[in-house]
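Chain lettering (A, B, C and D) follows the sequence in which the chains are written, and residue indices restart at 1 in each chain.
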């Protein structure tokens, strides 16, 4: 198995174990070196008081996207943990599907800094913007 | 209806409309002036890759707790919107139940700043710590 | 005076009143619609315990750069106030000059979200990365 | 020299090497286990466009206060580095003196989370509130 394929499998396997992603109906749609996308279709059960996607849904999928983007660039044996993140919610997430994109901004030995965006299905409108710090967890 | 009761009802009604809270199995357990608690029992469907509560679950309930804490101190006709928040994840959330507490730190005319904590059922161990900026949305 | 020139003058006049920028030896080197650069040459008096630029210096100039980037897109009569910001310090700022670039990410009626970077003189190495929320202050 | 005295000396020695603190006229006024205070008297050279303390000054001293609070609880041989912080600016810092208080919220093996406040001279009014992540740097 090529190194790249191995990494993709590692991310897919970890994502499959995040049962919360399944509860959200979230799908892993892209795994590249330093970049991961997760999408989530609208359901009433994901809404806040005005019927739009709850900020917590946006945050959950973009946190996972940032974490897995980091994982693609970590040593094979490492796992990823979120240290902290900050998210700005820019406008109500009115959309039938949301797309979270996580990208690695800085890869360090112990810490990674990632950028996250949550957008509409066409990836034109940005609903939220995250900066996340990830920890390289070695067993 | 006393002013206080009216506020409690307003928060309860809004919480009931956040269908995502129901998806998480989250319950509103305290509504006081400037302070709100939301709890969430563990289910496999809320887990991350190691079987603990997903950071997104912690974030979702403490964002709502902060928002509703702010709403208790906003004008009657206002609604609350999350502008942004930052959360530090301090340790794996290994617990059969988590409790999110949101408290108002600064109440302004347009913006509120709130503190959030996510703890274990006994409220002894802190799993996560949030600072959130909330917007006073007037129709 | 063209609208653009008027905005540039407004930013320059405000920058000149920020006497702290003078204490840091900071210079306003670019003012465009939605983008502002501020540079600062190294002096011993700006250092932390290892002799590098203090994180506070980086933060001060990139906060001002973000604020003025926002001001270029605000109504003529408005002033800008920093609501909050988050900054990740990526590596020691070892450089004879630092360059802070602030750009508007989202321009709203009441709030702006800006991106900030602090780089070396060649703008190749990134020392710090900021996300800032700015308030449109109307008299 | 008692352990405590040794720690106080270590913090004082590091603070003295932060020449930027001297440029700001900042003084280290308290060093306890997990808690540090730094004060700064108003001078025109520390002001923003309206004559108040620049947000960068508040940030600089409270970042140092948080860092040194962490350092008091780190192993003897370790140094402290700011990983990232978020600060909310709650009101204009109109005061003849500001006091920054940094306290350790969570002490970890690799990372510390600290709370910071910047207040007026009487420590009654809060101007700014920080959450900072600090790194335990081992040579």
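Assume a contact is a pair of C-beta atoms (placed from the backbone, for glycine too) under 8 Å apart; a residue touches a chain by one contact, two chains touch by 3 or more.
Everything numeric here is computed off the predicted structure, so don't read it as measured data.
S.K.: Count the C-beta pairs in contact for A-B and for B-D, then report the pair with the higher count.
M.R.: Ranking A-B and B-D by C-beta contacts puts A-B first.
S.K.: If I superpose the C-alpha trace of chain C onto chain D, what rotation angle comes out, expressed in steps of 5 degrees from 0 to 180?
M.R.: With C-alpha atoms aligned, the rotation comes to 180 degrees.
S.K.: Roughly how many whole angstrom separate the Cα centroids of chain A and chain B?
M.R.: Inter-chain centre distance comes to 22 Å.
S.K.: Calculate how many whole Å lie between the centre of chain B and the centre of chain D, each centre taken as the average of the chain's C-alpha atoms.
M.R.: Each chain reduced to its C-alpha mean, chain B and chain D end up 29 Å apart.
S.K.: Where in chain B do residues touch two or more other chains at once?
M.R.: Residues 83-84, 86, 88, 113, 133.
S.K.: In the complex formed with chain D, which residues of chain C make contact?
M.R.: 14-15, 17-24, 44-50, 54-57, 59-61, 63-64, 79, 81-89
S.K.: In their shared complex, at which residues does chain C touch chain B?
M.R.: 83-84, 86, 110-111, 113, 133, 135
S.K.: Would you mind writing out the residues of chain A in touch with chain C in their complex?
M.R.: Touching chain C: residues 86, 88, 90, 105-106, 108, 113, 126, 129, 131, 133 of chain A.
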